[in-house]
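Please go over the structures that come below.
The two complexes that follow have chain A in common; it is paired with chain B in the first and with chain C in the second.
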Partner chain A sequence: MSPPGPPVPRRSYREASARRRLLGVLDPGSFEERLGPAERATSPHLAALGQPVAFDDGVAVGAGALGGRRVLAASQEGAFLGGGVGEVHGAKLAGLLAAALRERPEAVLLLLDTGGVRLQEANAGLVAVSEVMRGVLAARAEGIPVVALVGGGWGCFGGMGIVARCCDAVAMSEEGRLGLSGPDVIEETKGVEELDASDRGLVWRTYGGKHRYLLGEADRLVDDDLDAFRAAAIALAGARRPVDLATLSREHHVLAARLAAHGAAADAAAIWTALGVADPDALALLDADEFLRDVAGTRREAR
Partner chain B sequence: MTLPELLDDLFPAGHAVRREGDVLAGTGRAARGEVAVVGTADGAEIGVEAALALAGEVLRVVREAPGRPVLALVDTAGQRMSRRDELLGLNGYLGHLAACVELARRAGHRVIALVTGQAVSAGALALGFVADEVHALEGARVAVMSLPAMARVTKIPLERLEALSRGSPVLAPGLESYVRLGAIASVWRAPLAAALEAALARPAGPDARAALGAERGGRTLAREVARRVGGGTDAG
Partner chain C sequence: MERLELELPSARSAAAGGAPVVVGVVASGNLEVLVERGGTPDRCRFEVSTSVHGFGAVWRAVLEDFAARRAVAGLAFSVNDAGATPAVVTLRLEQAAEEFLGAER
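Coming up: the complex of A and B.
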């Protein structure tokens, strides 16, 4: 329950820049950036295409504190080429994860805002995403929790959508979307009959935080608010999802059960109804607290 | 090369690989013992069912055949692009597959990937590029997407992309690019059994692809950038 008094104004996570998100999620004044804009680690491949470059190649990485605990963190800048992963961008992420194995922080936070591979340097981006994926899995397997926060304007798609689900935990907002092939890509390749990317309701029911939470693909659903993401990051920083046979066997059964139960579902509403949600149409309008109260008894065990 | 020919070349001493839909699973007999085979065939688009089946095979190997090396045969046109696959969380199924491969590696299984046909986008990521070593057959096609599709999405004229991609391993689709980037360790030629034996004999190490990409001149920055962020000597 909220305390009485005037509501505290929210600070949108979605509208914030990559660095602003880090400042809002981490303890005040704690972020120490590595290979920051002053060092001008830019993409030579964009320059060769005659395209603008960014002095940080679209991602900020470094160390900080979260609720007093030492963490490493990265934050992708969606405003630069849709958070696309190129050679330098990807190497900053992979380098941070490699650093985690040596420095053993209490957690690694990945603030993901990305359409996936940056097509202007596609091959290097794809390889970099696979290196990030291996880095995430290595940290997780070594007992260093990796937590993905998804609430930016680009959501989290492509190979980075797989990376998010390699992490120990995912927190997301309804507005942050998570998937593999984004709505525009599906419409472009398969036609508007398959997925109408302009149908915002359909897009959010398919990729949005509430569906991902109900499905078990996200651990926390939060409002589009920096403090809410910070609270979720603190809560999830101790999450462990071991890479062991017992854990992965259990997750395997959950995924098999999902396919068996919902493989023929026509849309998200059918899945929500099957999960026991009384009024699927009403979910879209609820804020995170109302939504979580509403579905408290219905959510299936995710993992 | 047909699948039976490929398996005969890889495992002249014998193999028992079954195919269900697009998913391959079974064993082959190498000089140093049985090898588990998992993979996809005929440029399969990997959807939730295939991802789950592949993960199940990897888990079964870890459970039932401790230490047995795994050969992942990769032939995929990428992820299946459909509303249904997204609705069910295909990225989560592929993340699970990648985690299962990581488990196998940590449990002491050598994991070698061989691109036999196509390796495109997310299909390449979750099955092939998570292996200890990735190799390819001559003629294999590795890519994120075709240049015409890339031109549509990036709004860069196709002619310009084609011109720029010449000599640019970062941009040009194809096997040679991925070799230069360090993502494909080597191209296997006949006799394939010898190449497989040699790969199985090498010890597993940390992810060496950024270093390989630097040596081969395809990725001049990745290793150095990762080092500067990590403060260590390598991205491994």
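Coming up: the complex of A and C.
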């Protein structure tokens, strides 16, 4: 047995900026940004409110290669206003998906890191998110797979949480969280008895990648590592989910069955036990490989 | 928002060309710096947009120090600031110059 070499340092996906994530996920040197920071497509709403703008309005979009395949890709910067979708930000996403219909890339990658609509420009942001949803479905209807990667510090919430689940496939890390209303919103509106947003373990069990994977809502569970997200993106870029009534009906059926089976569960851990996970308390401590080994056979098919 | 525009003398930067580079992010206590070709052969240009009012003299001191220390003539720096301290501003400017000029070495 040869002595183990020094451990290969991981490059955290979560800690990377939006552009670094794109550079790490796409083939080296392949990313060509469109409407980049030098074009100064900034938010007129923030300017009118006297708030600082970002030169790219918090999202980088462009073309690149993924495992040799030509793709279009977008990456949201969570550190700028929580990755909130404003008018320009949303137009860049919707525009990228519209470009996909013309250019017919082999896939579209959405690196999502967002709390949802940017509250400072709520109406324009809401319209933009609905345009992004429509764009995702239009691309998929044309046979262009759309893949979401969720592993940023803000997770993926609000309307963009819906966008993620409108995609053909989702890859997540445990740290990436996916949902509609975030924990703080639920605590604020329903009370702390419903969900204690300061209970990090509860929040991760409820929204985290492992739970999403076990429920079948995430297709890949990966470690917080740029190379792991890249490998997942390559594997999922060919995944297609038909956009048709039969598929939608099946999903509704699965959701109804899930509600019937787990609607009374007070905590995600109770669902995991019901799914047959031997030691639910241990799941949070496992890395992706150990976790996948442990839960093999217990995952539900949500689609 | 407060806007500042300055043109300052500096030593000639290493090389011509280079695609625009952005570093940093507009978040509380942080800033983004966009570097492009701009200015004249012996001067560099700064455009600062900041959420904190009344610190023009501090900005001038930080930018003058940077322009004197680094060879950045012929470059234009555009800044969106969300209340970064002078030390953070200096580090971001250094990072921006490094990434822009480093790529040309």
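We adopt the following convention: the second predicted complex is superposed on the first by the 297 of 303 C-alpha atoms of A that agree within 3 Å, B and C clash if a C-alpha of one lies under 4 Å from a C-alpha of the other, contacts with A are read in each partner's own complex, and residues count from 1 in each chain.
Following the convention adopted for this analysis, contacts are C-beta pairs under 8 Å (C-beta built on N, C-alpha and C of every residue); 3 or more make two chains touch, one makes a residue touch a chain.
As the structure is a computational prediction, the values presented were derived from the model and not from experiment.
Visitor: Quick one: chain B and chain C on chain A, clash or fit?
Guide: Taken together on chain A, chain C would fit alongside chain B, as the superposition shows.
Visitor: Of the partners chain B and chain C, which touch A:P37 in the superposed model: first, second, both, neither?
Guide: In the superposition, A:P37 contacts chain C only.
Visitor: Which partner does A:V88 contact after superposing on A: first (chain B), second (chain C), both, neither?
Guide: first
Visitor: Which partner does A:G159 reach: the first (chain B), the second (chain C), both, or neither?
Guide: In the superposition, A:G159 touches chain B alone.
Visitor: More residues of chain A are touched by which partner: chain B or chain C?
Guide: Tallying touched residues of chain A, the top partner is B.
Visitor: Between chain B and chain C, whom does A:D56 touch in the aligned arrangement: first, second, both, or neither?
Guide: So A:D56 only meets chain C here.
Visitor: Give one of first, second, both or neither to describe whether A:A141 is in contact with chain B, with chain C, with both, or with none.
Guide: In the superposition, A:A141 contacts chain B only.
Visitor: Between chain B (first) and chain C (second), which, if any, makes contact with A:F80: first, second, both or neither?
Guide: In the superposed model, A:F80 contacts chain C only, not chain B.
Visitor: Which value, in Å, gives the least CA distance between chain B and chain C in the superposed three-chain arrangement?
Guide: 13
Visitor: Under the definition above, what is the set of chain A residues touching chain B in their complex?
Guide: Spelled out, the residues of chain A in touch with chain B are 34-35, 39, 41, 44-45, 48-49, 61, 87-88, 90-92, 94-96, 98-99, 102, 117, 119-131, 133-135, 137-138, 140-141, 158-159, 161-166, 178-181, 185-186, 188-190, 194-195, 206-207, 211-212, 215, 217, 243-245, 248-249, 251-252, 255-256, 258-259, 262-263, 265, 267-268, 271.
Visitor: Give every residue of chain C touching chain A within the complex, in rising order.
Guide: 1, 20, 22, 25-27, 30, 32, 34, 36, 49-51, 78, 80-82
Visitor: Any idea which chain A residues touch chain C in the complex?
Guide: 17, 19, 36-38, 47, 50-56, 77, 79-81
Visitor: Touching chain A in the complex: which residues of chain B?
Guide: Those residues of chain B that touch chain A are 48-49, 52, 55-56, 59, 62-63, 79, 81-96, 98-100, 102-103, 106-107, 121-122, 124-126, 129-130, 142-145, 149-150, 152-154, 156, 164, 168-173, 177-178, 181-183, 207, 209-210, 213, 218-232, 234-236.
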